[in-house]
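Letters A, B, C and D mark the chains in the order given here, with residues in each chain numbered from 1 onward.
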Amino acid sequence: MAISLRKARTIIRKALDKGREMELKPLTVVVLDAGGHVQACEREDGAAPGRFAIAQGKAYGAVMLGMAGTAQMARAEQQAYFMTAVNGVYGGQVVPVPGGVLVRDKKGAVIGAVGVTGDTSDNDAAAAMAGIEAAALTAEI
Amino acid sequence: MAISLRKARTIIRKALDKGREMELKPLTVVVLDAGGHVQACEREDGAAPGRFAIAQGKAYGAVMLGMAGTAQMARAEQQAYFMTAVNGVYGGQVVPVPGGVLVRDKKGAVIGAVGVTGDTSDNDAAAAMAGIEAAALTAEI
Amino acid sequence: MAISLRKARTIIRKALDKGREMELKPLTVVVLDAGGHVQACEREDGAAPGRFAIAQGKAYGAVMLGMAGTAQMARAEQQAYFMTAVNGVYGGQVVPVPGGVLVRDKKGAVIGAVGVTGDTSDNDAAAAMAGIEAAALTAEI
Amino acid sequence: MAISLRKARTIIRKALDKGREMELKPLTVVVLDAGGHVQACEREDGAAPGRFAIAQGKAYGAVMLGMAGTAQMARAEQQAYFMTAVNGVYGGQVVPVPGGVLVRDKKGAVIGAVGVTGDTSDNDAAAAMAGIEAAALTAEI
């Protein structure tokens, strides 16, 4: 199974709605497929130009390692050189903090990841989770 | 002036609609801002996973050089080493073919670019143009 | 659908068997998933050390572009700067010649790619095709 | 002497068997030759797509430095900047944790390395060791 474009649009719109509801700063949301490739993304007006790469990096590490942002951050805090090395083999594309959220289907298989950036990492993760759940998928933050 | 997220959404939806109307293969559409940074993108179901990077590369060269895909292709055919050198300074991110389309406002200023990939380069450019015009902006293919 | 490890093993063994039957030089076979990531590979004794990267590069371009090696080679011959640019956006990982073979399921969806190197490009492709067909999948060379 | 493809297959199969026996998460096993080049690899169904690069990185550091994963980790913990610098000269390809296991022949010469990832680093190393010993070679974890 994969995240269809239709589902990806729902994820993005509902994540942005959640951001407005929580009165967060402008958000950027990226949806990656199960291979770490971009399916869809939107950057809100007022978000800084480099935010796409941060959102992508949060989602990329999640899907490539099969480990969500919260777990990546814990590992980075315990064993910083490990996450540095992981970034070496992945070309520096991993941003190991909350806001990189795994997306699972009903059987528990990882079918992609969502990356959100713009506010605090925890708020970013909350927005991502709202989007994923609105698409009837399971989020692992 | 910039391409607002609202306008970027219109560009993407109308470009994809044009693709369905023309019965093109699955398309990927990327909208970049005036600094070459991703504003929004969508990859249709069935498009190959690497298509985001191709669409981004078409738009990136357009906005960074201020030269649309058709002009870039002409230059590549006349002077291949020039476009190779351009790619050296831009980190290999430029794909110099039609489907990289400049977006101008009413005064003629470049406010971003759209990259489309999936079908022939000319069809890709036609889809991009349809999207840009639907957003009441000016396309230079 | 994906290429299971069980199917990947069949592809590799049967491709190598085909190579022995055709009396080819030592082969290297790489199986990538639908996102371009390594599922399995084997390099025969006597194959040069750098052959893994060549086999991977043949398969990588196929799956990322959704275009098999024969079509990539035709494009490279008609429009060399395009394939050079593609390699820029894909980090130089594409080897656009036969021996990069798309793998499709019964519905026609791309579920991965196989890369073979060691003999002539056409013989490499024949070995890949033998492996893919032995796994009851469809090869596009 | 080198690790023959026959021996590499034994290493991989027995490492995966050990993983199933210990009820580990899905594993990825990479066998590198004495020059650090891929000889064979397999990624089990359910392993994250980026696991090949992690397994390769564990084995690569081992064979390039002639120092197994446990020793690399000790060095990283004592002198993080040294392992960071090593990664600079090796292009960021080293993952300095257990699960990168040196393979020695009967005379004690390094003939390659095995990288395993998927479970805890210690369990990964145990699976690698089981594979190497099943191939009648000596493991240094």
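In this section, a contact is a pair of C-beta atoms (placed from the backbone, for glycine too) under 8 Å apart; a residue touches a chain by one contact, two chains touch by 3 or more.
What you are looking at is a predicted structure, and each value in this text was computed from that prediction instead of being measured.
> Out of B-C and A-B, which chain pair has the most contact pairs?
B-C
> Under the over-half criterion for shared residue numbers, do copies chain C and chain D use the same patch or different patches to meet?
same
> Please report how many Å separate the Cα centroid of chain B from that of chain D, as a whole number.
About 43 Å, centre to centre.
> I'd like to verify one number: the distance from the centre of chain A to the centre of chain B, where each centre is the average of its C-alpha atoms, in whole angstrom.
25
> With chain centres taken as the means of their Cα atoms, state the distance from chain B to chain C in Å.
From the centre of chain B to the centre of chain C is 30 Å.
> Touching two or more other chains, which residues of chain A qualify?
33-37, 91
> Examine which chains touch each other and state the graph shape they make (line, ring, star, complete, other).
Contact pattern: none of line, ring, star or complete.
> Touching pairs of chains, all of them, please.
Touch list across chains, by label: A-B, A-C, A-D, B-C, C-D.
> Provide the residue numbers of chain B that touch chain C in the complex, in ascending order.
46-51, 53-54, 56-57, 76-77, 80, 83-84, 87, 91-97
> Can you list the chain C residues touching chain D in their complex?
By the definition above, chain C touches chain D via 2, 4-5, 8-9, 33, 35, 37-45, 49-50, 52.
> Report the residues of chain C in contact with chain A in the complex, numbered from low to high.
Touching chain A from chain C are residues 33-37, 91.
> Could you pull out which chain C residues touch chain B in their complex?
34-36, 63-67, 79-82, 84-92, 109-110
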